[in-house]
Amino acid sequence: MKLGYYPGCSLRGTAREFDESLLAIAPGIGLELEEIPDWNCCGASAAHNLNRELSLALPARVLALAEKAGMEEVLVPCSMCFNRLAVTRHELLEDEELRKRVSDIIKMDYQGTARALNILETLGKLFDEGIEDKFVKPFDHEVACYYGCLIVRPPKIVQFDRYEDPQSMDELMKKIGAHPIDWAFKVECCGAGLSISRTDLVAKLSGKIIEDAVHRGAEAIIVACPMCHANLDMRQEKVEKLKGKKYSIPVLYLTQAIGLALGLEKKKLSLHRHMVPVVFPPREKPAIESKSKTKTGKVAGQVEE
Amino acid sequence: MDALRKKARELLESGDSEVIIGYGEGSGNRARAIFVQKPEETERLILDDRCEQNLAVYLLKREVKSLGKPAIVARLPVLRTILQLAAENQLSDGDVAVIGISPDGELVDLPDFKAIEEYVDSLPLELSPEEQEQLEKIKNMSIEDRWRFWTDEFSRCLKCYACRASCPFCYCSTCVVERNIPQWIPVAPHGQGNLEWHVVRAMHLAGRCVNCGDCARACPVDIPLNLLTQKLDEEVFSNFGLKAGTTSELNYALSTFKPDDQENFIR
Amino acid sequence: MAEFEPKIIAFVCNWCTYAGADLTGTSRIKYATNVRMIRLPCTGRIDFMLLLKAFAQGADGVIVSGCHPGDCHYTAGNYHARRRWILFRSLLDFVGFDTRRVHFAWVSAAEGAKWAQVVNSVVNEVRELGPFEDYQKLARVGVE
Amino acid sequence: MSRIGVFICHCGENIAATVDPVKVAETMSRVPGVVHAVDYKYMCSDPGQNLIIEAIKEKGLTGVVVAACSPRMHEPTFRKVCAESGLNPFLCEMANIREHCSWVHEKSDITTDKAIDLVRVIVEKVKRNAPLYDIKVPVTKTALVIGGGIAGIQASLDIANAGHKVILVERDPSIGGHMIQLSETFPTLDCSQCIMTPRMVEVAQHPNITLYTYSEVEELDGFIGNFKVKIRKKARSVDENLCTGCGVCMQKCPRKKIPSEYEAGMGMRTAIYIPFAQAVPNKPVIDKDNCLYYLKGKCKICEKNCPAEAIRFDQEDEIIEADVGAIVCATGFDVLGTDSFPEYGYGKYKDVITGLQFERLASASGPTLGEIRRPSDGKEPETIVFIACAGSRDPAKGIEYCSKICCMYTAKHAMLYKHKIHHGKAYVCYMDIRAGGKMYEEFVRRAIEEDGVNYIRGRVSRVYEQDGKLIVKGVDTLLGSQPVEIEADMVVLATAAVANTGAEDLAKKLRVSYDAYNFLAEAHPKLRPVETNTAGIFLAGACQAPKDIPEAVAQASGAASKVSALFSGDELSREPVIAVVNRCPPPVFSTCEGCFICEQACPYQAIEREEIKTRDGKLIKVVAKVNEGICQGCGTCVAVCRAKAIDLQGFSNEQVYAEVMAL
């Protein structure tokens, strides 16, 4: 599958491991990415609180560039970016007047042919083409699939998965041999909006998520959003202080988990960049008996180097 | 031809039919319709390329009806006419004995409507290459040229209604042009009235015309009237998949519909 | 010289378009004065000869409008009408009659705004085409 | 020569502001055939009407044209005026110079000219109007009531008590509908079954009511006063005449674990079953999808044990045909599908149930004999949360309307819970409390103040299980949007009331319209709330929109009185705007040639065949004939008739032609 690619700022900064791991697994799963030339910031997460036209113009330019490059579908891994691009396309197609205005601002005519794909949708399509046999090292772990707020919302616009109880990531994880747990915080907010201003609230909100995941026996939290990752991984120490207990539960981008299943080295997948080390101590019995099937004979332990 | 005469003679002698509607020698080396009532007169019947008139037109004429139970020499257009008239409740099975004539002049035994339907079904109903070519010629004109072409043709119309008289489907005892409350179509043969008449006539034949061509042949000023009905026949088939004169059950384009008929021209 | 004002005759069904045009009125939506409406129970009732007569009477354009498919007050009248117009239009076109002067629309009882928009756009299009002299001239062909 | 009177209305300023009525009147007065033309401020007012009455008398008018508002507004008014002054009402028509002229154009001569045109057109038409007379149609004085819930039952009884025959058709094996499932009813808390069952018995025993349960309307044609209905009586696999309802078959049936529809899945039933103890009729049916015999071809235990030998495995559906004059549609509602609430874990957690299921738990005749016990382990819930507006008023769930009954039954549920489990804690999470109705607000206050139910204003975002508790996450908007988390033992969702399954199909069969939510549509939201736009078909109860019992009953009685009114005479009269086939002198007799294309085109099968014969009975020709009872006057036949042999009264070729020619 050949797609346009919009990394966005975070994947070239705080979330570079998302970018690196995606590019690392791409060949293995038959994904070919062409980066949008001269792309710019999508304006998240500030612009739409300040100036509507600006918040539409920034993503519109990105999409227009994609159109110019003849791209119809653009993979946007960062769910914040994805949300902004999807919303922008939706609003501009709804309102011809606005579309014209914005086109003037960006000095390019955005037609609406180019559209953003989120990482779950894209991988879902690829996995449907029956590539299970490629996963030579099943990711045999209890995982909590954490979608966050943005990938499935607002439902009217993104029209993807069940927004209150999404399943797409769970399906992907099953395919690579993981065992998604049934938990309650899949689409709970991690506090991203406050991750700089009110770290105490972030710790409180993210705390609940980590607490429940661990409580239900997850060995790892799988995410698809740089903000979620930052809050759950980087802030985990703060959470532990707040809660007064140790979790040290690794937080992986789904691309990293897939990479491991593909048998790629940790380094290639930039696992070393995480705050919480990505190691899987031998399982003791989880606090709650999880619904997942009994393990395949394979001994769980550290991920082989 | 002998087979035809023999068959006709049998029909009259057996009393199955009282009059044979067929072709005979006319003036100026033309074939004309004749109405044979005596077995010995069946010798007057002829059958060759000159015999192209749609004899079915006589089936509904009161004068011919008065001659008694008819048999008719029936080439394809006549056969289709009979089916269409049946569909329109003007003929019932058994009203007329059919002496079917195949395209290559052989006699075909067609005892009832069902047989006719099957036989018609086995024959090609497309326009002849010449007809098709003429139709395409006009379709390919610019709209202005078409307007000029037809208004010019219609300008010759005398409102003699020979086209109507020759058409087996113009069986209304009182034609709409004869109605004067209201006077739908002006009597005077001016361009506008003529156009209205021919448009109305064509619309009334849409989905019913079997393309026998008699209207054009009958026209004393040689207006190619059959083109109008041919065009509509084409539309009826391409839009609704219907062809007139192929079944004795009524399945008429303008009294039926499909919810998904095309409407790209409607706002 | 004043701009040419086309004469438009509209044949509408009583239940959808006539009511729709009533709504245009009650909502005070302004539209071109050129149109004269003739009310019939159903588009199924609209004989194609009426359209010819409208042109004979000097109309520069004609509108035929009724209920959307499925909404017909008489369940199917508009479907029959639609077939009639399919054939009538193609025949007119075949004889070189400019079908840009014959317009068909579905305007429901709720589409007051649409009615105004239909009338205005037809008026503008026909104004572009100018007076329907071709057809008026015909009335003199053969008499003079 | 016709003598037409033209009356131009100013409609106050509505017309006069942009059209010059005086000029219109003055112009009209010069139109040939017009003998009288006046303008007046309000034609529909008494003085205005008198102008017309006097003119008809003094000027001997043969036709009246009122140029004013839309005929859809006042045509009946003015036609009545004419009728009262001895002029046939169909000689009166209106020119619409308000909606179609003064309101849509600026003040100018052009606008006035248009008005003049519009009036002239109608004048030319009226010149050619013929007096018409209402058509009388016979009425079959039998009503069909579809649906045997409280609305259908009420309608049936009212019509039957008025002395008319009623056919009541119910889809389920017993009548009773949703009401019979309820425990107590608000605001009086009287037991639903106690007030319902007597009515059900009355229906069963009423001499004027024929009851078909386990039956559905298959097909309907005809028209007001003369409908023909086909009813499919589904095979019960039980001979109702022999069956005594002893119930042995149910005790013996090996299939005992089938979720009971009546118990809303809270209890189980057998494959051969009587839905509930007080069912009417009290005869079982065999559920073919679950019966071993129908599934595997062997068992027949019920047959072996039936003392009355009433089991009939070979019984087949039966089609019953009936003539009815009017129809009451009372098909009720359903509750929103369970898969609509992943965030509330419905279907995932046993102890998250719907309001209807709670009714069964609270009902003395229910699976727990009225004790509130949670489905998972049968324990008494110490803490219970009721979530109002589960789906309702929620565009995300595709339901933007208010289900109307939930606020009240939720208050009732909370109350019943507190009455049964005094120490228990009951919470209601709500958006707004809508308690409009006699004694309703007081009822809710009682739940809050006397029974101590905790009302929390705010939406619930999620329900999830944690260590055997249901965690209800919500917000309290009255405490400054404080997040709220309640550890509950049981959660009850006030799921939205939606149109009943099959409502759309039925609507199509009956040719009545329905809204975007598949609720059946009334003819007018305010003034004709129990009629549909199909004459002779009426609505009762929740099939039209969510309703509580008093409303449903009131509407049912309304529909019943409409039907009784319809049945009050032996025939009803309808507008004579219908098609007619012409007749003319011999030898033509009629210009109809009997091609019967009109017959195929007619949407109502109103075209019949008529034989014209000589005096000595010899057939001359077969021509079309319009059944004036069936014809609705669309005129499709007129347009397809080449010979113009068929014409439409009130919109005749002559009239319409004249209208065009007036432009």
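Going in written order, the chains are labelled A, B, C and D, and every chain counts its residues from 1.
The rule we apply is simple: a contact is a pair of C-beta atoms (placed from the backbone, for glycine too) under 8 Å apart; a residue touches a chain by one contact, two chains touch by 3 or more.
It should be emphasised that the depicted structure is a prediction, and the values quoted were computed from it without experimental measurement.
S.K.: Quick check: more C-beta contact pairs at A-D or at B-D?
M.R.: B-D
S.K.: Going by C-alpha centres, which chain would you call the most central?
M.R.: Closest chain centre to the overall C-alpha centroid: D.
S.K.: Indicate the whole-number Å distance between the mean C-alpha point of chain B and the mean C-alpha point of chain D.
M.R.: 52
S.K.: Approximately how many whole Å separate the CA-defined centres of chain B and chain C?
M.R.: The answer is 34 Å.
S.K.: Any idea how many Å lie between the Cα centroids of chain C and chain D?
M.R.: About 35 Å, centre to centre.
S.K.: I need the residues of chain D touching at least two other chains; which ones are they?
M.R.: Chain D, residues with two or more chain partners: 601, 640, 653, 657.
S.K.: Pull out every residue in chain A that's touching 2 or more other chains.
M.R.: Chain A, residues with two or more chain partners: not present.
S.K.: Chain B: which residues touch two or more other chains?
M.R.: Within chain B, residues 176, 184, 254-256 contact more than one other chain.
S.K.: Go through the chains and record each pair that touches.
M.R.: Those chain pairs satisfying the definition are A-D, B-C, B-D, C-D.
S.K.: Using the touch definition up top, name the residues of chain A that touch chain D in the complex.
M.R.: Touching chain D: residues 155, 162, 164-165, 183-184, 188, 212, 215 of chain A.
S.K.: Which chain D residues qualify as touching chain A in the complex?
M.R.: 341-343, 396, 462, 464-466, 471
S.K.: Which positions of chain B touch chain C when the two form their complex?
M.R.: 138-139, 141, 143-151, 155, 176, 184, 188-196, 198-200, 202-203, 206-207, 228, 231-232, 235-236, 239-240, 253-259, 261-263, 265-267
S.K.: Using the touch rule from the top, collect the residues of chain D that touch chain B in their complex.
M.R.: 588, 591, 593-598, 600-601, 622, 640, 642-644, 653-654, 657-658
S.K.: Any idea which chain B residues touch chain D in the complex?
M.R.: So the residues of chain B touching chain D come out as 88-90, 171-176, 179, 181-182, 184, 204, 250, 252, 254-256.
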